[in-house]
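Here come two complexes built around chain A, the first alongside chain B, the second alongside chain C.
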Partner chain A sequence: MPLSTQTEVGDDDQYVLVASLDNVRNLSNILKAIHFKDHASCFATTNGLKVTVENAKCLQANAFIQAGIFQEFVVQEESVMFRINLAVLLDCLTVFGTSSLPGTSTALRMCYHGYGYPLMLFLEEGGVVTVCKINTQEPEEMLDFDFCSTNVVNKIILQSEGLREAFAELDMTSEVLQITMSPDKPYFRLSTFGNAGSAHLDYPKDSDLMEAFHCNQTQTNRYKISLLKPSTKALALSCKVSIRTDNRGFLSLQYMIRNEDGQICFVEYYCCPDEDITESEL
Partner chain B sequence: MRCIITGGNVKVLGKAIHSLSRVGDELYVEPLQDGLSLRAVNTSRSAYACFLFAPLFFQQYQPGGQGSGSVAETVRCKVLMKSFLAVFRSLPSLEKTVEKCLISLSPRASRLRVQLHCKYGVTKTHDLSFQECESLQAVFDTEQCAHTLRALPRLLVDAVVHFPLTLAEVTLEVSQGGRVNFRSYVEEETEPSRMMVTELCLSEDEFQAFHVQQETRVTFCLKEFRGLLSFAESTSLPLSIHFDAPGRPAVFALEDSLLQVHLVLATLSEPDGSSQATNGTPCPFAPAYDFTGDDIDSYMIAMETTTCNDTGRTKQLPSPTFPLRCTSPNPGQTDSDQEGAVPGTPPQKKFRSLFFGSLLSQSQSLSHAEPSQEVLAEDSEGEA
Partner chain C sequence: MRFRAKIVDIGCLNHFTRVINTIAKLAKTCTLRLTVDKLYFILADKVANGGVSMWCELSQGNFFDEFQMEGVAAETNEIYLELTPENLARALKTAQNAKAVKIKLTNKHCPCLTVAVELPSLSSSSRIVTHDIPVGVIPRKLWNDFREPSVPDFDVSIYLPVLKTMKSVVERMKNLSNYIVIEANLNGEMNLKIETDLVSVTTHFKDLGNPPWVLEDGSQTSTQERDPESMAEARIDIRKLLQLLAGQQVIPTKALCNIVSNRMVHFILLHDDVSLQYFIPAHS
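Let's look at the complex of A and B:
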């Protein structure tokens, strides 16, 4: 009965998390950028919302939607955590369609009662309200990549434009994407080794695409291309990307995404390197 | 081989690759003294395309090995069309970002390197694995075709655009009265209720050249033709169509000082009875009975240019041209003979294989099959 749900809304105190957003696309677009698996873990603190998706115990993607993006963001506990089906969540968030016609935006109010309760979504567009209840799941332990900025060996910041085409055209018959970062030539190189041959993409350090270039030692690491390919979605939305590797060869990709209202959000991918790398293949 | 392409020519090359990809799954790369040749043939060998880029097309062109330029070192190879196409996939970005393209073929490193130098100093290097191969040489002579049309590609693009994308073949019908008809080709077995025929009539004045000796109609595949048209449209060069009686190949040609393009398509043989045009085809260029005179044949054969004993075999064979003309009055019989002789190529629509047609028709006319011919045919199917 719709009326009974409305009365629930009236009393915000019973919710551990209440968030309102004038334009739901500011949330849904960024969640799409990490939607490569159907299940996501959500963490809310007073700073904002972090949504995490993992794959194959080798890849973790985090979307950060800071509290400032929301018109209202209230967390009653120190941190609120739940697991949710991301596909269902996205379907609900885009229930009024995904098109971005000027002047039409869907407003969202998101409430969570706490452990064992569903996530409630109230979506409104043009006076029409949709109420969604999505069952939450037992939170799972997340991977800790222990990626610490003090261990970062090489760091590059690129304008996303320069990587977009490269990622779109990746030779998917190659099992790995090899990333070389070096203070000397070739500076920054992406390589694939596919059925038809190999392809190398070189970016000079003085390129206009290169916003920052801090490489201290030559590192060549391989990453499963199937794991990195989904980051194309984040790349497509982003304006800048920071590419970092630490002393273990772990990769961090941070995408800076500007939403429709000009606010900045971040999506971050961590990936483990492939172990079996032989000298002859280098 | 090493060549450098700059500016707008990179896009021309890209368009050529797109056009070739409509024809075959493999791209034959052959650096010649008079330019870089890129060719493709389809699996049933009823379509063949050849793009020859003159040395002037390039900023730098060295057909031979590094610097030496000697013919002996020339390597010809084939690469997967898919992988070559991947390099040139996005034409808009090719135009926007690529400043220079370097192609080098080094047999020692056994790779074909395509390097794109893009905006912002970004370099894309594709090392493609290749297979050394024989020259894919089609032998045809447009001079021998009885009929020639020439038009700006725009005219033909506008004509072809009306045909549904699912349509496989189109019939081109010309009459001496100056009428040019394009009509959907519908197979006889098609239920009349499912038939949709599109017909389009052009007049002689719309063509730059109109040399038609008699009323003729030929049927050929649209897919490859469309591919060539989109290339032709981007160059705005006039497109010549050379054709002859039904069943004989039609040659589509573009020519310029920088490039030469030929697309050879098999045409459908007319069923018995309706081939009145076939019989009357004049043979103004009666071929001399010369064993080495294969190049005057308007049919295509696969030439094994590097294997010397194949050359020997070819010389033993009489010119395929002569017997072919003898058999032309009864094409139906020829077809049935082909079906028996080439089990691997089902002639579903009575398209002759451009490569084998001449040899097989010949064996029929000689009333005994020479074993050496069959060997030649099998070899060339496997390798070429």
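Let's look at the complex of A and C:
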């Protein structure tokens, strides 16, 4: 369907998705945490909204905004799915600015009529109303990382502040970030191999930052640093992060994010390992 | 031709600096016109600056403690200079806590505005920083190019919303489109709109109020016969609008715009002792 034929529909019951939010920043802040590519897929079910962004078929980021975060969240079909330009969506959501002046918040009402229709946003702040119509695109098939908790080999939960500095100062001249998780020393190690040499950062198991440590087997995997770098945005917002690897070396980073109203949301990043490393390199 | 002026009061100095910073954001080069009572910063509409023009007027008495000028001749007691306002803004940056700032027209290799900043010092000898800003002296035969623009025969005149809100809206819209449609009616409503293949966004402002305009002969303007609901619109370069909104360092006491349908938008920002007019032509 050509984009120009997408039209708006006035009546509320005709929408397959209606969501209202008193403070739009509870949505926009989470979406910023996964904004490293302009195209995002949105899935809405009665549980809430999931927004997915992928890169290079190796990385997937998901933001979950539970239905409870919204003041109103009505889905008429079992699941509603559409693809949207995330940069445009974020510009629209932050049309009244991003600063958090006390006492001012932007209210949002989001409506979607279904396949082939634009996503409608109604934003209001201080009596000023903005109406946005964002054309939606054909949904694309998403990667299935098949990351199953039963296959998880190692799992660590850290307070995010412990990882923030490390990620902010990653040696970007290194192509990979090597993560070692082990029941024995060095327990949890981040390594980079850059122009200026190698850097290793170890976290002791009994560190105050370590909330949970469940490592069953020594695993060393490498991940493309350029793929992981965008997760810094989520890290910056989060209070805790869970780092898991499964038996194939796939990495899952789950960030727990507390929004301005004290509610908890999650952002999760999945990443494929870069390559198998031989014993001699260890 | 002589010109020398002095600012001592720190409040006046800061205010003057803010005005110059605003001008510097709006124009790369402009004309500075000096008369006995007033200073004018003028940008004439040339194709080179996208047809945008500016007229900023300030009363010297509200800024300067001393102000002496002598034009080319007694009957035309004025001076017109070509100036890069950014250079003046930079010179004033060093003057933030100055005891006094002197500005004078000098001739060193070329005509210059010499800004002498007297800085506070602990010892008895004072510290003076001098900036020589090259200027061009505009000959009298070209003065006609810089006459005050008349208020256009607009379709709708309306007060602007809080500039901070407007700026933030226009900033986002700039990410999405190169042009913005600004439309308003005589019912105090104004809309800002963009439309592209990907997205259309409209921001609605209401209860803004329409300023009363009285013509020189005492009659009301022709807009009186207009249907109050009917919108007048103009499509303008969004970067030019953002330049005006983002450059505002002086919070105006009154801000309004006049829309000439499909021809231009005329902005007027008024402060106690400064007035700024800005004209953005419409694109079809």
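The rule is simple: the second predicted complex is superposed on the first by the 268 of 282 C-alpha atoms of A that agree within 3 Å, B and C clash if a C-alpha of one lies under 4 Å from a C-alpha of the other, contacts with A are read in each partner's own complex, and residues count from 1 in each chain.
Please note the rule applied: a contact is a pair of C-beta atoms (placed from the backbone, for glycine too) under 8 Å apart; a residue touches a chain by one contact, two chains touch by 3 or more.
The model shown is predicted, which means the values in this text are computed figures rather than measured ones.
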Touched partner set for A:134, first chain B, second chain C, both or neither: second
Chain B versus chain C as contact partner of A:126, first or second or both or neither: second
First, second, both or neither for A:95, with chain B first and chain C second: second
Which of chain B and chain C A:171 touches, first, second, both or neither: first
Touched partner set for A:58, first chain B, second chain C, both or neither: neither
Which superposed partner A:152 touches (first chain B, second chain C, both, neither): neither
Touching partner for A:74 - first (chain B), second (chain C), both, neither: neither
Chain B residues within the chain A interface of the complex: 79-80, 82-83, 86, 89-90, 93, 97, 111-112, 120-129
Contact footprint of chain A on chain C as seen in their complex: 161, 164-165, 168-169, 172-173, 175-176, 197-207
Of chain A, residues touching chain C in the complex: 3-4, 85, 87-88, 91-92, 94-97, 125-135
Chain A residues within the chain B interface of the complex: 162, 165-166, 169, 171, 194-204, 206-209
